[in-house]
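In what comes next, chain A is part of two complexes: it sits with chain B in the first one and with chain C in the second one.
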Partner chain A sequence: MINWTSWLDYGFMRSALLAILIITPLFGLLGTMIVNKKMAYFSDALGHSALTGIAVGVVFGVSDTNLSMVIFAVIFALLLNWIGSKSTASTDTIISVFSSCSVAIGLAILSRGGNFSKYSGLLVGDVLSITNREIIYLLVIFAVTILFWLVCFNWLNAICIHRALAKSKRIPVRLMDNIFAVLVALIVMLSIKWVGILIINALLILPAASSRNISVNMREYHLFSVIFSLFSGVLGLILSYYTNVATGPMIVIIASVIYFCTYIFGRRCKN
Partner chain B sequence: MRKIISPCGFHCIKVNHLGVRFNEQTVLEDVNLHVHCGSFHAIIGKNGAGKSTLIRAMLDDIPHTGSIEFRDTKDGKMQKLKIGYVPQSVNIEKNTPVSVYDLLASYESRCPVFLPKNRKLYEKIRQSLRIFEAEELIDRQVCNLSGGQLQRVLLSLAIMDEPNLLLLDEPVSGIDQNGMERFYKTMDYLKKHYDLAIILISHDLEYVAKYADHVVLLDQTVLKQGSPKEVFESREFASVFSAGDKDSWIREEEDND
Partner chain C sequence: MKKKYLFVFVMLLVVTFAGMGLTSLYVQRTGGQEKEEKISIVTSFYPMYIAALNVVGDTDTVKLTNLSEPQTGCLHDFQLTPEDMKLLSTADVFVINGGGIEAFMEEVAASYPSLQIVEACEGIALLQEEDEENAHAWMSVADYEKQVENIAKGLAEADPAHEKQYQSNAKDYCGRLEDLKERQQAVFAAARGQNVILFHEAYAYVAEDYGLSVSYVMDLDEERQVSAGEVSEVLSAVKKDHVKYILAEKRYGKSMGDTIEKESDARVIYLDPLNRGDYEKDSYLDGMSENIRLLEQDFGA
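Entry: the complex of A and B
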């Protein structure tokens, strides 16, 4: 018989569980706004910029490439926002241009001398490698995000619904946009090592997208999004332990199944 | 909102020499308007005449030259102008989980809309929806409202914090003839019973002739303004809405944005 709690005997599994319990609710929360603001492409580009961040760190000889990765992502996010507001070309084109350019630079630098295999782990991620120090980072970003959400969510929503209308109500539109982008950048960067570049965006988008299928107001939207996110995170971790599959992909598979279920049954449920 | 029997008539809003340029192109120049509380101004003009740009400039949404003053004519003091804005539509797609309560609460309150409803706020929002006979819509999803219903919800939102000036971009789609009549009657009611001035971008000259106090014919600058009769009989009006394009005379489909 399988012992269903055996996985908790290992310290690394307990750390992984803790990390998932902290970060998946944040994915659920931020995802609601990313989906509403149609920023899926933006968060995807941010994830890819992790490579460039590390490359920049390597070039400048920074000992902790995590640091260069986070700093680069924040700058990249603000840059994308700024260019998006200035330019008349459509945003997804601009994001695509900048994203592919930065990924190409990152890959070029990291693959010099045939060394890319050192970094290929980043593509898939490994939740079992998470350290106590990283969990503390996650706790800090968790607190900051919850606080920001409580204080500013209404403004974000107002801006998303109509920018000029939000401005007429004296809401600091530009500032909110930038804070939100930075927050997404921070969370993506802090979780990319264990989720992996290739699928991190799925974790941000899927829970919110599933929730959208079945909710009619903001309260339901948030509630279901956080529940789906937590559920797929924890279940994904446990299943990956027993099936010996990487955790990130497992979580995304479960989140996708939830999405398809809500998509199929959503309409019936709403009516 | 403070409801009074009639507007005091002592507040006036002045738009002085307002101009807008996009890159090298002049969109608006030297626009001057003078609006008293209790009056209903309609702005008319062809597509691309700069009507929407004027509204966006007045909202400070785009950079512009010139100034907008708000004065109490009794003591001549400058005051901070509060603008209630009613956009043509909102950026809410089908299937978006935003209820009417969420929409209004997001703009009017800091109490997070993703937490359980605040009963006091809920009541306040209902009160303001009631003015426009929209209180039963409070729990409906915004994306499922008809054009007329959305309009009434947005009006409630604009009125909620007692603006001195109501700026409206008249909806061009999703509203039938009855809805239009009702919309203009509401404007008339607001004008008479609230202490505010109304500026409306209109696409419907018939209704403008019937309801507006003052008409502004816009094409990059103010070509002609005055009572509806004065403007409609003017040479400028005839040249803008010349017989060549009768279609746009009857109904303008879209404003430039």
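Entry: the complex of A and C
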């Protein structure tokens, strides 16, 4: 029989658990607003920009690519917001253009001399990359996000429901949009090394989408989203340990199962 | 309302138990039969496993495991999974090639300071390549022989009780490698000094064994995209140095090789880089002997 606690004997699994306990509630929380604001594609593009961030770091010889990744993603997010508000083309077109362009630049630089394989770990994520320093970053961003949510959630929600009305009520629409985008950028960048570029977006979207299937008000929406996110994170980590599978994909598989269950349940209820 | 919370609770419970159930099934099917062994040796990848397998021979107090899959090939882009870390945490000796092929070694050494590491490339003069070391030393029979000796020495230090067995196994194995080296001599005499192009950095050791002079190296490895500029560089190198032969690996070099054969008079010889295969004891000997045969055929030795 399997010893279901043996995974706790290893330091790297304990750090991974800690990181998941801090980060998954944030995914759940921010996810609710991303789904509401129809920004799924935006966060996806952000995830992909990690490649470029690393490439920029490599070019400038930055030793800690975390730093260049975060800075690049923040600039990228702000730029997307800005262009999105100026341009007449639809947002998904603009995001697509920026996303492809940044991925292409990242791939071009990182594949110089046929060396891309060194970075392919980024695509699926590596749970061993969680170090104490990363956990400290995560704690800081956790505190900032919770604070932001407590203070500004009503404004964000108002903007989301009716932008023009919110503006007329003197809510700083542009500022809120930017702060939100920066927060998403920070969280995505700090977790991308262990979740993986290909699936990080699923972690932001799936818990919130599942929760939306069954909730009737904001409170439920948040509650279920955070619960689903935490649950898939912890269970995914444990199962990935015993089955020898990369952790990020395992978490996403569980989150997807939850999504399908809630989808069926939600439809039943409505009928 | 109540129904919904009940649903969520039940759903999460079911997912948990289903996940755990499937996992235990999987774990039981894949590896429940672990027994207590006296000494556990882990090798990093295929050539090291085959070398260690021959050194260990039928010593029955040893458990020999390979960290990567037999088809993984070189470990350039290898990611350690939690399962790998677990395996290393129970190992006594870790046999690696060294020279930078195991890029994850820093991590391993930091996590398991007491793990004994046997570096097969120790004391071997590795070929240099721009600013990096080329560590594919097993492609040279002479260097591989030294690797086998290093492994035998390392294992003897870690497990002194079986020192004699390791040494005599290594001696037998090296004797068979000597036969290969004799066959190499004939090719060496016929091929020496000729210009070749390599499509795999490991073949620099082949060139070294036969005294070939390398005019161009293009490392066609996993996930490598070739640009049109590089194709023309190869072609102009063929022309400039009158290259007659190109050494390539079939798996990654076939399409490139076909292009070059079409565009020039050079012939492509497809050698086995011996970095993947089955867990047969003699697979290195067989593979190398086939490589020598191909070279004999083309160089007319």
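By definition in this document, the second predicted complex is superposed on the first by the 268 of 271 C-alpha atoms of A that agree within 3 Å, B and C clash if a C-alpha of one lies under 4 Å from a C-alpha of the other, contacts with A are read in each partner's own complex, and residues count from 1 in each chain.
The definition used in the following text is that contacts are C-beta pairs under 8 Å (C-beta built on N, C-alpha and C of every residue); 3 or more make two chains touch, one makes a residue touch a chain.
Just so we're clear, the structure is a prediction, and the values are computed from it rather than from any experiment.
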If we overlay the two complexes on their shared chain A, which of chain B and chain C does A:63 touch? Say first, second, both or neither.
neither
Contacts of A:164 with chain B and chain C, given as first, second, both or neither
first
Contact-wise, after the overlay, does A:218 reach chain B, chain C, both or neither (first, second, both, neither)?
first
On the A-aligned overlay, A:13 touches which partner chain: chain B = first, chain C = second, or both, or neither?
second
In the superposed model, which partner reaches more residues of chain A, chain B or chain C?
C
Would you check which partner chain A:5 touches, where first means chain B only, second means chain C only, and both and neither mean what they say?
neither
Between chain B (first) and chain C (second), which does A:254 come into contact with in this model arrangement: first, second, both, or neither?
second
Looking at the overlay, does A:132 come into contact with chain B only (first), chain C only (second), both, or neither?
neither
For A:120, select first, second, both or neither according to whether it touches chain B, chain C, the two together, or no partner.
second
Can you list the residues of chain A that meet both chain B and chain C?
none
Provide the residue numbers of chain B that touch chain A in the complex, in ascending order.
56, 59-61, 83-85, 87, 90-92, 95-99, 101-103, 105-117, 139, 141, 157, 161, 167
Touch list for chain A against partner chain C, complex:
1-2, 4, 7, 10-13, 111, 114, 116-118, 120-121, 124, 126-128, 214, 224, 227, 231, 235, 239-247, 254, 257-258, 261-262, 265, 269
So, in the complex, the side of chain A touching chain B is made of residues 32, 36, 149-151, 153-155, 157-158, 160-169, 171, 211-213, 215-222
Mind listing the chain C positions that touch chain A in their complex?
4, 7-8, 11-12, 15-16, 19-20, 23-24, 26-27, 76-77, 79-83, 85-86, 89, 103, 107, 111, 219, 221-225
